[in-house]
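Each structure below is given as structure tokens.
Next come two complexes built around chain A: one with chain B, the other with chain C.
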Partner chain A sequence: MTTTWPTWLTWVLVGLLPLWGLVLLKYLVDIRSVPVSYNYRSLIVRWKTTLMTALGFTLVVFGLVLMLAFINGITAVCRQSGEPENVIVLSKGAADEVLSSLPRDTISALEHIRDEKGVAGSRILASREMFLNANRFNPQTQDYTALQLRGVQPIVFEVHTAVRVIKGRTLRAGQSEVMIGRTVETGQNLHVGDTFELGRKRWRVCGVFDAQGSALESEVWCDLSELASQFKREGSYSTVVLRTPSAASAQRIAESLASNRQMNVEAYTEPQYYAKQAEQMETLQLAAWVIAWFMGTGAVFGVMTTMFAAIGQRIKDIAVMRIMGFQARAILFSFLIEAALISLVGGALGSGFGYLINGLSQNANLGSRTVEFSFQVDSWIVVSCLVFSILMGIVGGLLPAISAMRIKPLEALR
Partner chain B sequence: MSQAPEILVRVDRAVKHYFRGSECVEVLHEVNLEIERGDFVGLIGPSGSGKTTLLNLIAGLDQPTSGHIFFAGNEISAMNESQLARWRTNAVGFVFQFFHLIPVLTAFENVELPLLLTNMSARRRRDHVRMVLKAVGLDHREHHRPGQLSGGEQQRVGIARALVTDPALIVADEPTGDLDSKKSKEILDLLQMLQEELHKTLLVVTHDPNVAGRTRRLLRIDSGRLIEDRCDANRPLPLRRAAPVAVSSNSAGLVDQPG
Partner chain C sequence: MSKFILLMLKNLGRNKLRTTLTALAVTVLVTICVVVLSVVATVRMQLSTEASQAKLIVTERWVAPSEVPVRYIPRLTRIRGVEDWTTWNLYVGFFDKTLRSDRAGLGFATRVENLTRMHGGLENVDPAVIEALKNEKSGVLMGSTLMQAMNWKVGQQFTFFSTSTAGKDLRFKIVGVMPAGVYPLSFFFRDDYFAEGTGNKDTVSLVWLRLRDASLAPRVISQIQHDFASSQPALKVETESSGVARFVEKGKVILFIIDFVALILSIDMVILLSNSISISTRERRVEMAVLKVLGFQPLHIVAMVVGEAMLIGALSGLAGAALAWGASALAQSGRLPSDGITSFLLVFPVPAQAMMWGALAGASIGFVGSVFPAWSARKVKVSDVFSRIA
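The block that comes next holds the complex of A and B.
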């Protein structure tokens, strides 16, 4: 998964690992034996309390897995979208296709662009495209559903090479017909041969296309001039997509266009464009962790209360163990381990429930477009959520464990 | 062949004060005492006389306000808390009036618990615990939890737990205080067996005349002072084994060790 975990933090943590190891070793050598079997058995005997406390962590971890799997799924769609040889050109200041409008003279200039440093004679293709959102009335649901329409010319199939017709046929110029992406077929329940009303016309579905999991699969394609006339936008285009001979060439052209003041356009390679679209996911990911920490606070107090109650009931056990020779630090560790075990059980349940949504398809807004994605629960999510859960358990167990460590054996047995 | 008695415990002018609010209460007043290895010593006295305090000092659970406590020649009153904890594991076994077994652990696990502090392997621990449980007559109850055992059986588990690390000294605070007379006799028989056959040194705090009658030496304490020290001259100390079992964190040997 594409993660926002800062690289520098990873290196700091990795760099500190030997130090952590030394500290841990020192403690392990000092405490020699922690009566883990006692804590484990106590959890089993009090299984109802253990389970109820663990469920607090289950809810938090489940929520976190859900959010991270959502972000993972969206990010995957963005990563699969865009071909590195393609340059998407938008009007100046437009961060999204739906907000872009390129004038005719700019279009003409773009269609004659050349890569000066590229291979001599290599051709650059230009696909004029119009992208807009429109609502379609669905008689079955008696409701409006959003469609993402892209007006295209026949050259589009040479530019977007990932697109393959999997059912029906391609568009015919000048006809009121559409090709729909694979996810539109399932999401909107439209099939080859179906017709629907949009604007003043009735459109017929002539084919279904696959775009290797990219965002294009959530779109409806139709003839550019037909769409422009329907929505009274003749002579104006949202974007021009340039097909260059190589990724390096695309990079050069994108940079050249972006820095050309006369052209007055925004230009990105397609992977750059979709990566930009996915940037909002980074904020969302941060928000997910922040929310999880806040939710986790509740679970922390839950485990704290449980552990304080448990220690109150087991004060004589602790005293006897201290008298036998168990060190105070061993008692501290044993109760921290007990808290960590509770949170581990909760975290494992939460991750397990979270895993059930793995692969579940859903629609989500990405910029101005709606894309279909699948929740993706990967090992990184499971491990990080478990670590998070255990950390929260340890935080919650710390104060009770310190209180257990401070029990004076003679007073406790009196 | 006679052996010179070996002093296991030496208490040298031990004083213990407590503060009750701003009031200073002297619980022990310059107590001097020597206990020979292998002896069975009873400590009697009225409530609040300081007998449990003296037992706690000798067992390394508390420190004297002044004075010194020596165990096998080493001053335990100079040890810090961590050192004392390690020392207790190897040197002292504890038997309590209310047994204080861990309720969630089985008899086997309760006895095994002190061995977790040694470097003994799991397999040796298992064999050793079974042997000790057999010695106290509870090998058939090893999987039972304390709640499933009678009071007498619980105290036997308590004694097995005290014995399992093969300590030189076993201290018991009212070991029969929570038992009926029949069970008390069984426990006293068991304690006497520890002294006579395993050459353990026993220090027992009691109010029970039956317990006091079983001891070889009886100390009476009152108002923090030892006022009587009586020894049964007709009961010689049991002969020590030729090579006493070493008490260490590495080997918690009992009678199965080569003697």
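The block that comes next holds the complex of A and C.
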């Protein structure tokens, strides 16, 4: 019988790298080291102070896990959105579908595009689409809620192949009916057979679709011409999505369209488009780390206070250890490990509490659209937070440890 | 009383290292707390102003981007109770041809004659700037953060590459800058220049109506809804306050996280201070016993410990808030780079009053953090302490 080594345990061990490094360094430079049990018992004796200091780290790490899990959740939606074989074409300069408007002649040209270097005879499909943010008046709450409408033609299901109808049926052309994404069903409390007012018509929900967790699941799909006539947007399209035979072909077409001066369009493969939408997360991620470093600095001063107090109380212990033959370096490493242990406890608790929010669903803005995402605490976050916590502990413990190392035994015992 | 304060100061000075470390911890945490809270406070302030209840936003009822026909405006502005009005046409694009996201901008084409009356925060714009905007058709009033990001000066000319009206790029001349924190990443320009340059003379993105009194809002809203119910397109009308609330609702997760981080920071400060004060009181048990022998009442001991914590909290809070204010002032004046983190955390100015709030918050944190240590210090038994020494 074979037992598998749990992945999470590997990540936790990786997260403890700074501590392992410290222990290794300790044994490399000093054979006769102070037993770790001495530090452990010291921490237990002063458990109140230890717990309070560790709690400081717990809060810092919890805050960091929360912020990173939010960013991770949004980024995951972007990663899951878009098929590499698809090319999304927008008007020149438009970074978002809402602001894009393609003229008819461009649409016609796009529908006849070919991949010159692709397999001969391979067909490229083109789906004309119109994306609008709509206001749905909710009679129950007497307030408006946002709906993301996409006007589509029947070819859309051949282009967005990840979309699967999970309840009801697909749209019928020329009818006032809509298909809703899985998250719209739960978020807007709409179900198959329900009707709602939008513009001068009532629209019937004919089906619910799943798009493998992508941003499309936050949308409402309806017939393109019905949508255009309802809101006086005839002849204008937000985007054209091209379905190519392969990811390489999609990449070639996107590049060729983007550099084509006559077309005057922006073209991205769908994964590129959604990655661009997620760019706003980079600033948030930077902000999260800046806030965490500030919080960590506070915790560093906290651990310094604790360690200086601990050393102040144990001057005689340290002096005795020095007389017993422990070198000054051994004292230094001993106190560094003690500080790292405090931060490890705090960091582990913070990561543990942070893990409780894993999977919690919320709505957030991504460009002009609202998407449902879930907080995602993954191994990378746990490891980063543990490393961050232990490093902060070591930094905080360094000055007190140096001061302990410099204690003169005879003077201390006098 | 003065002797008591002097005693507290002496006590704090006795272990200078611990006092300094505790003060530094609180200072750092207050700094980031003030910066973080300034973002949410500025957004929320928009919701609570009296003016926002007396201003209505009229947009196309069903879809966005909204296109309100210009022919509706006379009917809207004639409604009883409407005191003033203006329009916005959103003009989205880039400041250069690279089309990089950090070169993106948002312009509002609007009426110049009542620009300062219709836009909160622009009341104190120099009348000479407004006059210049009236005289210069391509004139533009820039957001302060944008000016720093682009490193532009008043008088500079630039071309804006539009994405909302593709191919209709307009050339502008900067005639003034908006006060710091007011529409920091946007710019205002003349509606007639927009209409002429883009050819869009028939629709506006939205209409603003200012009412004589906030209490008139329900009646005006219901009248607009009634009058335009059968129009195509139909209209949606809401107060500025509820419009902003709906906008903020979209970012509620971020606001919640920011609030939560601020809460964590506060608890962290309480824990740090409490820990430091606890260590200090444990080390000073003999001193407490001596004070009791000298006639100090338990309440005096509590007051002394709490006072020390509050003093250190207040001073650190003041220092932390002052640092945040200073960093914000540097960012607003363009002395800090306006990209990266500055564009998110220091985009809104930290007001000078934050220093007072910082000191108060620090003192409160000191109070909360020291209650338990002070209570245990109060219970020091003279006989126990001296028997141990003996």
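The working rule: the second predicted complex is superposed on the first by the 381 of 414 C-alpha atoms of A that agree within 3 Å, B and C clash if a C-alpha of one lies under 4 Å from a C-alpha of the other, contacts with A are read in each partner's own complex, and residues count from 1 in each chain.
Just so it is clear, a contact is a pair of C-beta atoms (placed from the backbone, for glycine too) under 8 Å apart; a residue touches a chain by one contact, two chains touch by 3 or more.
Keep in mind that this is a model prediction, so the values were computed, not measured.
Q: Report clash or fit for the pair chain B and chain C bound to chain A in the combined superposed model.
A: Once both complexes are aligned on chain A, chain B and chain C fit side by side.
Q: Just to be sure I read the superposition right, which of the two partners does A:324 touch: chain B = first, chain C = second, or both, or neither?
A: first
Q: Return the chain, chain B or chain C, that is in touch with more residues of chain A.
A: Partner with more touched residues of chain A: C.
Q: A:41 contacts which: chain B (first), chain C (second), both, neither?
A: first
Q: If we overlay the two complexes on their shared chain A, which of chain B and chain C does A:215 touch? Say first, second, both or neither.
A: A:215 contacts neither chain B nor chain C.
Q: Quick one: classify A:295 as touching chain B (first), chain C (second), both or neither.
A: In the superposed model, A:295 contacts chain C only, not chain B.
Q: Is A:144 in contact with chain B, with chain C, with both, or with neither (first, second, both, neither)?
A: After superposition on chain A, A:144 lies in contact with chain C alone.
Q: After overlaying the two complexes, what is the shortest C-alpha distance between chain B and chain C, in Å?
A: Between chain B and chain C, the minimum C-alpha distance equals 12 Å.
Q: Residue overlap on chain A between the chain B contact set and the chain C contact set?
A: none
Q: Considering the complex alone, what residue numbers of chain C touch chain A?
A: 17-18, 21-22, 24-26, 28-29, 31-32, 36, 61-65, 92-94, 99, 101, 104, 161-164, 166-167, 232-234, 236, 238, 246, 250-251, 253-254, 257, 260-261, 264-265, 267-269, 271-272, 274-276, 278-279, 283, 340-341, 343-345
Q: What residues of chain A sit close enough to touch chain C in their complex?
A: Against chain C, chain A makes touches at 48-49, 52-53, 55-56, 59-60, 62-63, 66-67, 70, 91-95, 98-101, 132-135, 143-144, 146, 149, 198-200, 230-232, 264, 276, 279, 283-284, 286-287, 290-291, 294-295, 297-302, 304-306, 308-309, 312, 362-365, 370.
Q: Show me the residue ranges of chain A that touch chain B in the complex, using the header's touch definition.
A: Spelled out, the residues of chain A in touch with chain B are 30, 32-33, 35, 37-38, 41-42, 44-45, 316-317, 319-328, 409-410, 413.
Q: Chain A touches which residues of chain B in the complex?
A: Result: residues 56, 61-62, 81-82, 85-90, 94, 96, 100, 102-105, 109, 113-114, 116-117, 161 of chain B touch chain A.
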